[in-house]
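Paired with subunit B in one complex and with subunit C in the other, subunit A is shared by the two complexes that follow.
Take a look at the complex of A and B:
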């Protein structure tokens, strides 16, 4: 396992170089120039060609793209991700701040999603085709068709405007997280309910469950000791996929609730063509994704010891 | 019943009576209590910390003061008590008021005043500040500052430029290296009625009274400006009571309350305060890259083909269609002097289009998708122009792509604005029609030597009657050339909860110095 972790960490190097280079190229190929966008905001008007030339010279954008990239990479290796072109703030500091806000929102919403989805999904599987199962399936189907930002607006209407119980935006008090967490958590739970149900249902039809039943184990014991553990592997994988919410997928909800998360952070940088911020974001997000996926693999290994990561591609040899 | 339970019940009853009496006393007295804090929603970050630029206009409105102000089209003293044009018009000298202090307690002297101008010159921040023509700045004594111009000062427009937000005076301790204006602005020490007590980027800015301010003291104890970039989230925030006021960012862009939500808000018991401004949204032609627009008949076609009343209807009547003049009557030298000759006449438009020989004319319009009002208007224009045989092609794109696309040749028309808030009535008219100015950028309106000459006569003279005559000539020139299609007069809207009183517009700036709030 340790060898496997070490090998995965080694993958970091080429992955980071490749992703950061691709990100650099994408920004470079974009039809709009950072000078135009940044200076337009700075001067409240169209910049002159002289101002654009000065800007490009100052930040090295008049250099060939490979030299620009090499210079950025050299600094990044030293831990210097540069400063935002818009306001001069340190990219790393801003990323850490937004990361913290995103982490709070992501983990709380995913926890909520699991709390809702696990019992409903498991019970639905156990009582397949019962009234409860039909209702839960209909509930998740309807829920999946509601966009998370729209759900957010609905929650604001009910809890902030009608009931006046919760704040509609902000990041200043613990109460602020409740509505965005509900919007994201409920959205995730709708699809998770179906996934849990399907996974558990699949496991319940396997031979070892039949064997457990024939040995006289209770349904509760079968569920907790045998079925759920195996059904959890795809669920953990999907929760991992939901990490996109963490990095940028929650941008609509973050904007709606003025939540200073990574989605907002990146959307603003992309809108401004703020190259150092975009590059820093891509690099640090790649690091995060690699570590997060590694942790998910380790959890999966704990859940199912038959998974053999020593073989190529981490095939299941069981 | 045991004694513990009895005690608990007694305590509970007493608490209920106390809560009840408190509730009754509120209702019985005035029904409303005075609030000390006002919460404002704003669609942008205030950029208090700025590496190379200057903070947002809201900071300048709350906490800033300038050498002069422009009120009703006239330059009036502010930090400067007087000014004098010297050396055959190549120098302007300001006398600065004595006894003023910055919010951090630093005394205001001419040396401090010059910092922002040095910054603008060093960082080439010339748009609107009019600093591009300044050759050198001198401080002969503590209360005098002289500006020397390279080729003679540009007249009244140069004086009005000192009222620009970008020329707001800030103290030496505002800069990362105190006294070095080329270093980033890291805090904001200024001279206005409010000072900044806290700023969290992209979240909020808190203003408290500036105890060193020499004018009348403000009435509230705190104003928190919350950054909420989503239009509908700002509306929901005021409906929920989480904010008390929404302030428009009105320099173009999209950070304002969508006009078609204003009626809903008003019906919900919220005040909608409107201040029309001398700024007009127009349809501008890409004549620099596209020769078709050099034909005056084609420009006239567009003027005749657009029904401005329908555009006003699109925004629930909250804006005034630009039917009579190029500018709203709220500005000096406007309606009475600048009547436009084109009235909605699709038949005439068709006839002129035929004379141009442009069959199947399909101009391309650039539309900024970040501005939902602009998208709606573009869709309406498309259907409207079809009646005159013009097949408008909409190219809807995000603000980033839009800004760059505007510089290219591959478009024909876009929505734009001429004139501006009070302080820009001079600079923006010159900037939109005179290609030699730094503000002209990529996309001014159609212009010609006649228009350039006329606009200079409008914005340069110190004599008010000469300026008036100049404006008359300028309006006549843009009308004769059909330089653009004026669509509607822009307005600033402030949406406020019931009980918020005292928001005043000075020119087009909403001010909160006398605001009281009973809730």
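Take a look at the complex of A and C:
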């Protein structure tokens, strides 16, 4: 196990280097140079060539790209990702603040999704092809087709505009989280119901379930003692993957409810071409994402010793 | 094939008419502004009412559906082609080339998709073309990885050995035996991605980084309607219903096809 983790970490080094390079280089996709973009936001008008040259010299943009990248990375490793162009705040502080807001919303909504999806999915699989099963399948298929931000708007329409019960946006009172949490939680629960149902159904067809049945165990005992434990493995994996999606995954819902989360903050910064924020957030979210995936793999390996990750690292069949 | 398949096919055919014969269906020009009839509900002249600029909502919806669906199709098809070329090159050449190409795929997949797409769309500037480009850049790697996996699996199949034993040359074997076994899982996967891509486009347009008003697009229309939620709720309800219709028709067809096709593929694509 330790050898496995060590090898995975070693393999991450080239990926991290390339990822950070790509994060830095992203801004060069823009038709204007960084100096133009930054000076435009500073003087709110087109800068002169002289201003651009002065700026390039002052901030080292006249040096070769690799040297610029190296000094950016050196500062980044020390936790200095520069300051936002729009309000001068530290990029790292912005990231931590919005990361927390996103995490709050996302963890509570995923918990809600689990509470809804587990009983419905398990019962659906248990009574496969019953009326309950058919209704729950149709329900989840329809639900999966509804955009989360639009579901949020419907909730706002009913609970804020028509019934006037809950605030429609903001981050100040504890009530603010209810509607965005419902929107995201319901949205995630639809696909989760399907996943729970499939996972439990697959397990129910296995031989050891037949053995348990032939031993005369009741259906309830079979479900609790034998089926659920094994069906949980794919569910844990998917919930884990879902949890990493809070990096940006809830952007439309966050924007809809003016929730100061990562997606919302980043979308605004990207729209304003706030270069340091774009580079910093892309780098930090990629690093987080890479390590979160590693942790999920390790947990799955712990849960299910049958999984063989010997060939992990892209050398397997994909 | 069952009832769901039939429902799905009928829904998609209907959608295809809206998308490709839109100008024939829409009774008005989608950008025809008429402030004297703004924010009207359902009337005989405007069957879905009018928006904040007095434009006919039904005509705008018809064009908007066309925009969203066409962008999804372009994104999926181009990503699929790039992924196919990239993935099959890696799998066929193997060795150091494969190792190098796989690292590139890993790097592209190391970014959380949404953040990566938003970054590119923001840097390039919000427009229909740029959002298409951004989505292609962030989604081709998934296809490449999948194609590579399929080719590697197919290469190990006994029928490939049989073809080689019978004296087929390498090129013939690849064209005649390896590639066809990649096409089915690839097209299933691509089909599944249409709904997913559609959701991404409307979401990005909703937050202002995709298609820009006044071009009719479903997500952008919902975003424009935000300020009129209490006075004219039909402005956000109709586009949302249409998005759900489009995504549902792809979802239900995909669902019934998965039941029909090889169970091996079903488990591969379960995530």
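In this text, the second predicted complex is superposed on the first by the 258 of 318 C-alpha atoms of A that agree within 3 Å, B and C clash if a C-alpha of one lies under 4 Å from a C-alpha of the other, contacts with A are read in each partner's own complex, and residues count from 1 in each chain.
Please note the rule applied: a contact is a pair of C-beta atoms (placed from the backbone, for glycine too) under 8 Å apart; a residue touches a chain by one contact, two chains touch by 3 or more.
Just so we're clear, the structure is a prediction, and the values are computed from it rather than from any experiment.
In the superposed model, A:156 makes contact with both subunit B and subunit C. Judged by the touch definition given at the top, the superposed model places A:290 against subunit C, while subunit B stays out of reach. After overlaying the two complexes on the shared chain, residue contacts for A:40 are found with subunit B alone; subunit C is out of touch. Touch criterion met: A:170 reaches subunit B, while subunit C stays clear of it. Contacts of A:251 after superposition: subunit C is touched, whereas subunit B is not reached.
In the overlay built on the shared chain, the residue A:87 is in contact with subunit B alone; subunit C does not reach it. When the two complexes are overlaid on their common chain A, residue A:18 makes contact with subunit C while staying clear of subunit B. In the superposition on chain A, contact is made by A:273 with both subunit B and subunit C. Counting contacts by the rule stated earlier, residues 30-31, 153, 156-157, 161, 255-256, 270-273 of subunit A appear in both its interface with subunit B and its interface with subunit C.
Note for the complex: subunit C touches subunit A at residues 99, 102-107, 110-116, 118-126, 145-146, 148-150, 152-153, 195, 199, 202-203, 206-209, 219, 222, 226, 229-230, 233, 236-237, 240, 243-245, 247-248, 251-252, 255, 270-271. Taken together, the subunit B residues at the contact with subunit A in this complex read 47, 49-53, 124-128, 165-166, 184, 201-204, 226-230, 232-233, 236-237, 239-242, 251, 398-401, 403-405, 407, 431, 438-443. By the touch criterion given at the top, residues 30-33, 36-37, 40-48, 50-51, 54, 83, 87-89, 94, 153, 156-157, 160-161, 164, 167-172, 255-258, 260, 264, 268, 270-273 of subunit A touch subunit B in their complex. By the touch rule above, subunit A contacts subunit C in their complex via residues 14-15, 18-19, 22, 26-27, 29-31, 141-142, 144-147, 149-150, 153-154, 156-157, 161, 195, 198, 234, 238, 241, 244-245, 247-249, 251-252, 255-256, 262-263, 266-267, 269-273, 278, 281-282, 285-286, 289-290, 314, 317-318.
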